[in-house]
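Some structures are shown below for you to check.
Each of the next two complexes has chain A plus one other chain: chain B in the first, chain C in the second.
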Partner chain A sequence: MTTVDPPAAGKKAAHSPSEMNHLAGKYMTFKLAEEEYGLEILKVRDVIGLMEITKVPRTEDYIRGVINLRGKVIAVVDLRLKFGMAPTELSDQTVIIVVQLVRDGKEFTMGILVDEVLEVLDIGADQIEPPPDFGNQGMETDFILGVGKAENRVIILLDIGKALSPGNAETVR
Partner chain B sequence: MSEPQNRKRILEELAPSVLLADPGDRDSLIKLASDLEALAEEAASGSPSGLPERLHRLAEEIKALESMPLEKAQEKMEELREEVSRLLEDPFPGESPGKGGAQEKAPPSPTPGNEGFALPEFADEDVFQEFLASSRNALAEVESLALSLEDQPDKALPDLKRKIHTLKGEAGLLGLADLEQVCHTLEDFLETHEPGAKTVDLLLEVKDWIARALEAYGNRVLPPEGAGRILHLLEEVNGESGTVPSQEESGSSSPPGESDLETWDEDSLSLAEEFLEEGGEGITKVDETLLAAQEEALSPEDVDALFRVFHTIKGLAGFLELEDITRLAHNTEALLDQARKGVLTIEGPLLDLLFDSTETMRRLMESLKEAVARGKKPAKGSNLEEILTRLEEAAKGTSSKPQGVQENPPPTSPQSPSSSANEVQGDRGERKEPEKDLAKPDPPRKKPQAQTRPTKLREFVKVDLQRVDTLVALIGELVIAETMVVNAPELEKTSSPKLRKQMAQMSKITNDLQDIATRMRMVPVRDVFQKMARMVRDLSRKTGKVVRTVIEGASTEIDRGMVEQLGDPLVHIIRNAVDHGIETPEERERAGKPRAGTIYLRARHQGGNVVIEVADDGRGLDRAAILAKAKGKGLVKEEENLTDKEIYNLVFAPGFSTAKKLTEISGRGVGMDVVKRNIESIQGSASISSVPGKGSTIQLILPLTMAIIDGMLITCGNERYIIPTLSVVESIKPKENMVYTLAGKGEVLSVRGEIFPLYRLALLLGVPGAIQDPLEALVVIVECHGKKIGFLVDDVLTQQQVVIKGLGDGLLNTKYLSGAAILNDGRVGLILNMAEVATLGNTNRNRPEGR
Partner chain C sequence: MTTTTKTKSPRKGKAGAALRETLLKETGAYVFATDAKGRILFWSAGMEEITGRSMKEMEGKRAWQGFFEEGGKTPIHSAILSGLVEKEEAFSWEGSKEYTFTAKPVFNEDKSLAGVVAHLEPKPLNKLAEQAMNNLNNLPTPVLQIDRDFNILFLNKKGCEILGVDQDSLKGRKCYELFKTTHCRTPKCCCARAMDTGSQATDETVVDPSGINMDIRYTGAPVKNDKGEIVGALEYVLDISDQKKALNEIVTVAEGLASGDLNVQMSTDLKGDFKTIADNLNQGICAQRNMLREIVTMAEKLASADLTVRLKGDFKGDFKIIADNLNHAIETQHEDMTKIFETFQQITAASKQVTTSTESTAQGASEQASALQEVSSALEQISGQTKQNSDNTQEAKALAQSTQEVANKGSEGMKLLLDSMHKIKKSSDETSSIIKDINEIAFQTNLLALNAAVEAARAGDAGRGFAVVAEEVRNLALRSKEAANKTEQLIALSTKLAQEGVQVSQDANENLREIVDSISKVKDLVAEIAVASQEQACGVEQINKAISEMEKGVQEAAGNAQESSSAVQELAGQTQELFSMVAKFKLDRKTPEVVSPQVKPMRPGTPACGAKPPAKKSVEELIPLDEEEDFEDF
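Moving on to the complex of A and B:
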C-alpha cells in the first residue's frame, strides 16, 4: 500500500479539500483498458483469479455469467461493457473483483471483471477532485465519485453501487 | 428514602424482570408477576390513575400467560412489556389525588360554554404535548388501517389493535380517563368482532371523536361531547352482536341480555377465551391420539400426554368455575391416571369411553364458546351424569380389557357403553367400528405391562436456530467441496487403492452428514394441519355448513422452511374447498351424502418427495363451467380438445376463478394460480383431480427439502443445464416419424399417439452449437399445467441431486431459471424452470440462433 505525496505547494485544488473529505480513504485500484479506476476498499470482498464463467442466457450483454465462489453463486459483470467499451479480452491478468455492498437494505454481492488489478491506494481529500462535468451532453456521471490524482496518475473513483445499477452503461471517456 | 424514590427503585428493579420475562419460561413469569404485586403494594392506594390496580391487573395477566398458547402469549407479552415500560418511564402518580386541581397547573380561563380542562396534577406537560403530536399521527394511521380493514383484515387488524392499545396506555398515563375508557372499550370491540363494513364505520366515528377530544384537550377545554355517546355506541354494537363489555367502567346501561345467564367479568372473559383456544387444541390432540390408538396401542408417553391435557383443562376450568367442564375433566383425568399407572389399559370399551368423554368435552366447549361470544357464562346442567358415572366406574379399576391379556379383573362394564359409543361414533365419520368387537383377538394392541416397551422417549435440547442453520449450510458446502475433490480429474488418475478407500469413506461420511443436516431442519406437518383443522371449523361455522377434518400422516416431516411457504396456499385451498366444494347440509342430504362434509388432510413420503393432499367429499369440479370460463378468458381455444385432467388443472391458470360470487372467505380473486406459484417457488408442483358429485383432491408434491432437488443434467450446445426431475415425464430419442412441423404451429412431437409441441431449448435460450437434427438429439418431455411439452436437447448426462443456490444478485430477466447449482466439477449449472422456459417459446420460437 502506497501513500501518496501531497501536491506541490502553491497548486490550488479546484475545490476546497473539505468538500472531498468524505471521499478520502483507501481505494482498490484496477485497470480497464488503459484507464485506472478505484473503488472503496470496504466494498471489496475478494479478488480472485479468472475462473470459468457460466453464461446465463437472455441477460444483458455486460453480464458475463455466474461463477461459483466457494459455494456461493454470484454474477460477474464485464465492467468494460457496462461502460460502453469493447468487451474484456480474457488474459492471465484478468481478475474478478468481488464487491459487496448494501442495496435497498439488503446485501448485494457481484463480481466485476477487470483487466488488471493494481494496488490499494490511500487517497487524501486534497487529491480528489469532483467528477468532471460533461455539461450539455447530459451524461449520467453519478457513478463517479470523483477523480483522484496520485503520482501523476489519474484514477477515476467509482461509486460501484451505482456503476452496477442497470442502465448506467454510459461512456466514461 | 422517600416514597417516590422507593418506588423508583422498585421500578428499576422491575425492569430486568420485564426484559427477561419469557412466556416460555414459567419461572420468569412468576418472578415478574410477584415483582409487580410487590410494587402494587408499595404504591399508595388512592393514586388517581389507579396504579396499584393496574399493576395488580398486569400481574394477573402475566400469570395467565402461562396457560396461553405460546404465540399468543408472546404477543400478549409484548403488549404487557410496552405497558410496563411506559409505567417505568412515567411512574409517578403523585400522592395527591385529584384531577383538575388548581395546585401546579393553573387551568386556563374557560371560554364561555366550555368547561376548562386541565391536566391532572401528576401528568407531565411535556409528555402531554408529545402525546398530542404523536397521537395525531397515530389517529391518521388508525384511520387508514380502519379503511383497509375490510380488504386486508389480517394485516390491518393487529396493527390497529396495537395502535389503539398504545393510545389507551398513553391516555391512562396522562390521566385522560374518558379517552382511556373509550380506547379500552374499542379494544374489546375489536377483539370480539369480525372486521366488516359496520366495524369500519364505527371505528371511524370513534376515531373522529378521539381527534376532537384531543383537540379540545390541547386547547385546555373539555371536549364538546362527552364520552357517553361514543361508549354507548360501542356497547350497543357489542351488545347487538352479543358481547357485553365490562360493566364496571362504562356508564351506560347494560344491553338487554339473556338475563338468566351470568355475565363474565372482563378478565375472566378473556381468560375463558384463551381457555377455549388452548383447550380446543388439547382436545384435538386427544382426538388424534385416540384415533391412532385404534390401530396401535398407546405408548406410556401418549397416555401421559392425554392425562396432562385433561389435567390442564381441569385446572383452567376450575379457575374459571366452569363446573361441568371441571367435573368431566376430573373424571377423565382420574381414568387416565389409572392408565398412566398401568392399572388400566386404554383399549376397547375404555377407548370408546374416552372418545365419548372427548366428544362431550368438545360439546361443552362449544357451548362455552357460544356463551363466551355473548359474554355470558354457559348454562349448567348438561346431561353429564351418565358419562361422569361411566368414567368414575371405569377408573375405579373395573377395567375393560379384551380377553387377550388378563392382567386385570375381567371387564365388568356392560355392552351399553359400547353401543352408545357406537352411536357417537356414527357421526364421527371415519372411525372404524368393527374393531371394537371385544371378542377379536388383537395382537397388535396387546401390550402387556410386564414387557418393557422400546422407549420412544426422545430427549430434546434447545439450540439456537441460527446455529442450526449455519451448521446445515456448512454441511451443504462440505458436501459440495467433497464432491469436487472426489471428482477431480487428478484424483481419477491416481490408482492408489488406499487413497480411493479413504475417499470412499469420506464420501460416505459426508452423505450421512447431509442426511442428518436435512433431517435437522424437518418438522412434522402436524402443526400446520392442526391449524387448518381449526380453520375448517371456523369456516364451517361461518358458512353454515357442517365440515369435519380428517388428518392423516400428521407426523410426516417436511423442511421447516417449507412450512411457512405452505401455510398460505393450504389456507387458500381449504377455503375454496369449504366454500365452493362442500355443499350445504341440505344439499348433501338430498344427494344422499352425510350432512357433514369432510376435508381430508393427508401427508406422506413418496419416492423421495412429500405428498400433501387436500381432499373433500363435496360436489367436485364443474368441468363444463371451467371449460367455458377458460374459453371465455381466452385461455383455451375453441377447438382445442382437452382431457379432463387438463381441464381441471386450468383452475391454476392465472386470472382464473369460477366462483359465481367471490365470497368474503375465498377472497378477491387471489386465485389458484398464486397457490401454484407459491408451491412452485418451493420447487413443488400442484395438481388437481375431481369426480363430479364425489369431491375433489388437490395434490401437492414437494421435495424433501427446498435446498436439494433431483435434477437431470442435460447438455445443450456448449452449455449444461439442469431440469428438475419433478417436472420430467420422460425422455426419449425421437425416431423418424415422430417429429412434424405443423403449419402455423411449429414443430410437434408425436409419441404413442399423443401430440405435443416440441421446442428447441437452444433456440429458446439462445445457445449456439446445439445439435440441429432431432434424430441425433434427445427430447425431454415435461409436464406444465397439465400439458405436455417436449424440449429438444443434445443429451442427458446424468440424474443427480443438486443443492439449489440462489442465482446471485443483480441478474434480471431470469424468470426462466429456478436457481443455480454447483455441479460436481465446481462449475455452476443453471436450473431451468421448464414452465417459464416454455413461455419463452411464445416470443422467439422461430428466431434464428443467438439472442
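Moving on to the complex of A and C:
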C-alpha cells in the first residue's frame, strides 16, 4: 500500500499510461450496489454515520435532502439515484461521505449517500487502468478517472466533482 | 147222586091240601110258588137247602127280594108279566150252582092269574150220572161195590183186568175171594169199617201176596139206600206198587246221596211222576257227578298251578251258576295272574334298567368325585396364582407409585430446565443487544479511523504515521466487528438452540405430564386389580368351600348309589324269585278275552328272568325310562 507515492491531488486526469502516475495515491473506497468505487482521499472531508436527512422541496430526486453537519447545512446526494440506480435503502452500514469540491472557483461541501464505506486504499500507478473505451456510443466517461485493480477486484475511480456536476451524471447511462 | 131219585116232582094224590103242602114242603125238589104279585107262598125244603133261607123267612116276600137279584128279572117276573111259561137256562145267584129256572103261571078258573109255580132243576143230572158211571167203569184204577155180605155188585174193567176175571162172571162172588188181601175178612177191611161206622176209611195193603203181590191203597165208603140205611160199600183201589218201588229206590238213592255216594241211580223203568222224578234225580245226580268229576279234575289242575282249566260241561241251574262262578273265579285269577306275570316281566325289565342306571349313577358319582378332585386342585393352583397376582399387583402398585414420583420429579426438572432455557434466551437477547452496541462501536470506530486516515492524508507526509495508526485502529475496529458478528452468530445459534431446547423440553414436559397421568391411571388400575385379586381370592376360597361340600355330597351320592345298587340287586333277586313263582302258573294264551288287550299273552315256556322280556314294548310304554338323567336324580 505504501509502495507507490500518491499523485498530486487535483491534477487533471490523462489517458496515457504516463498520465496514470498522477492518479496513483490514496482513495477512499465505498460500495454502491455490488460495485466498488474509489474516491480521491483529498476530496473527502468527513465520513459520518447516517443521520436525519431533511427533505428539501423542488430539488432533483437524487438530492435526498439536507443535514446539519456540526452547524453547517449541507446537501446529501443519493449517488445511486445520481448514477441511475435504484434508490439507496438505508441500513446500519449506510454512511454519508462528506466531500469538499471546487466549482467555478468556489469551494462547497456536499454529502453523498453510499451503501457502505470500505477503506482508505493506496493504489499505485501500475494498478490503474484508464477508463474503458466504449466506442463512439456518445458516452460521457469523463467522471471516471480510471479503473483500479486490487486483488482481482475492480474499483471504479471517480472524479467526484464531475460526477456530481448537474446534468452530467444523469447521462452516464 | 142218590138224591136225584128222591127229588122228582111230587106225586099228585088225593091227599088233603095241608098234606100236599107238607109233602111239597118236605120234598127235596127245588120248588116254590108265588101269588099273582110274585109274593112267595111256598118254599120247599130243597129251596131252603140250596138258598139257606127258610120258608118262614121267605113267606110273603117277593122272590127277588129275598136273595135273587134285587128288582130281579127272574123268570117269575117275566111269567107274571107275560102269562106264559118262562124259562131260563143256567140261572144262578151268587155262589150257587147253575139251575134251569122254569116259571109256570097258574090260572084260576076265571082265567085270571092265580100265581106262579117255579121249579129249579140242576143242570142235566141223568147224563152226568151215566157219564160218571161210564167213567167209573173205565177208571184206570179198580173200583168195587159190594153189598153188606161182601158180594161183588160191581167191579170196573181195571179191577177185572188186575184180578184176571171177566166182568160178567162176578155175580155171586165174594170180594175177599178175589182180592185175598191181608185185610180181607179182618176188622181192618175198610169196607167193613165203612159199613160199620157209616163213614169212609182208607188204608194200604197187599193184594194176593202169594200171587199178584200188589201194593194198593184202598178206600171204603158206605153206600146208603134212599132211606139212608147202609146197604153196602164202595171201594176204590189205587195201585201204589210203582210208588212203593219208586219210594224204595228214592230212599236208597237218598241214603246213598246222604252218605256222599254219587254213583247211585234210579231205575229207568218207573212210570208217571216217578219216572219224571227218577229222570230228574238221575239227571241231577249225573250232573252233580259230572260236575264233581270236572271239579276234581279242575282242582287237580289248579293244584298243579294250571289256570287254563275251565268247567265246560252243559250245566244247568245252580250247577251252571256254580260252574260259571268257578269259571269266573278262575278266569279272574287267570287274568290277575297274567297281569301279575306281565307286571313281573316289566318289573324285571325295569329293575334291570334300574340296576344299570344305578350302576351308571354310581360310576357317574365316582367320576364326578374325581372331576371334583381335579377341579379342587385346579382351584388350589388358581388360588396360588391369585395370591401371586395380588402380591405382583402390590409390587406393581409400589412401582407405579415410585414411577409417578420419578415422573413428577422429571416434570419438575423439566420446569427448571424450561426456566433455565428461558433465562438463557433472555441472556442471549441481552448479549445480542450488547453485540449490537459493540457493532455500533466498531462501526463508529471504523468511521473514526477512516476520518483519521483522511486527516492523515491531508496532513501529507506528516500524517503518514498517523495514517498507519488510523489504519491499525480501523483494522481493530474491523476485527472487533468481525468478532462481534461471530459472537452474534454464535449467540443467534445458541438462542435458536435454546429456543429448540425450550420446545423440546416443553414437549418432554408434556410427555412427562402424560406419563404422570398414565401412571396415575395405571395406579388406579393396579389398585382395582388388587381389589379384584382380593375378591378373586375370596371367591376362590368360597368356591373351594363349595367344592369341598360338593365333594361331600358326591361322596354321599356315590354311597347312596352303591346302597341303592345293592338294594336294586336284592330287589331284582326277589323279583326273580317271585317271578319264577308266578311263572309256575300255566296260563292260557289262546283266550285273548281273558287277557286284557294291551297285555300281550305270554309264552308258557318263557324263562322268568335273564332273557329278553317278551313284552318289551309295553314295558317301555308303561314305565318310560327314556333318559338316564331321570335316574341320576336318585
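Here, the second predicted complex is superposed on the first by the 152 of 173 C-alpha atoms of A that agree within 3 Å, B and C clash if a C-alpha of one lies under 4 Å from a C-alpha of the other, contacts with A are read in each partner's own complex, and residues count from 1 in each chain.
Keep this in mind: a residue touches a chain if its C-beta (ideal position, glycine included) is under 8 Å from a C-beta of that chain, and two chains touch if they have at least 3 such contacts.
Keep in mind it's a predicted model, so treat the numbers as computed, not measured.
Contacts of A:A24 after superposition on the shared chain: neither chain B nor chain C is touched. In the overlay built on the shared chain, the residue A:G49 is in contact with chain C alone; chain B does not reach it. By the touch criterion defined above, A:A33 lies against neither chain B nor chain C after alignment on the C-alpha atoms of chain A. In the superposition on chain A, A:M85 makes contact with neither chain B nor chain C. Residue contacts after overlaying the shared chain place A:V147 against neither chain B nor chain C. When both complexes are aligned on chain A by C-alpha atoms, no chain A residue touches chain B in the first and chain C in the second. Partner chain A is touched in their complex by these residues of chain C: 439-440, 443-444, 446-447, 450-451, 453-454, 457-458, 467, 470-471, 474.
Interface residues of chain B facing chain A in the complex, by the touch rule stated above, are 476-477, 480-481, 719, 765-767, 805-814, 816-817, 820, 822, 826-830, 840, 851.
Those residues of chain A whose C-beta lies close enough to touch chain B in the complex are 52, 54-60, 63, 65-68, 70-75, 77, 103, 107-110, 164, 166. The residues of chain A lying in touch with chain C in their complex are 6, 26, 28, 41-42, 44-49, 92-93, 95, 117, 119-120.
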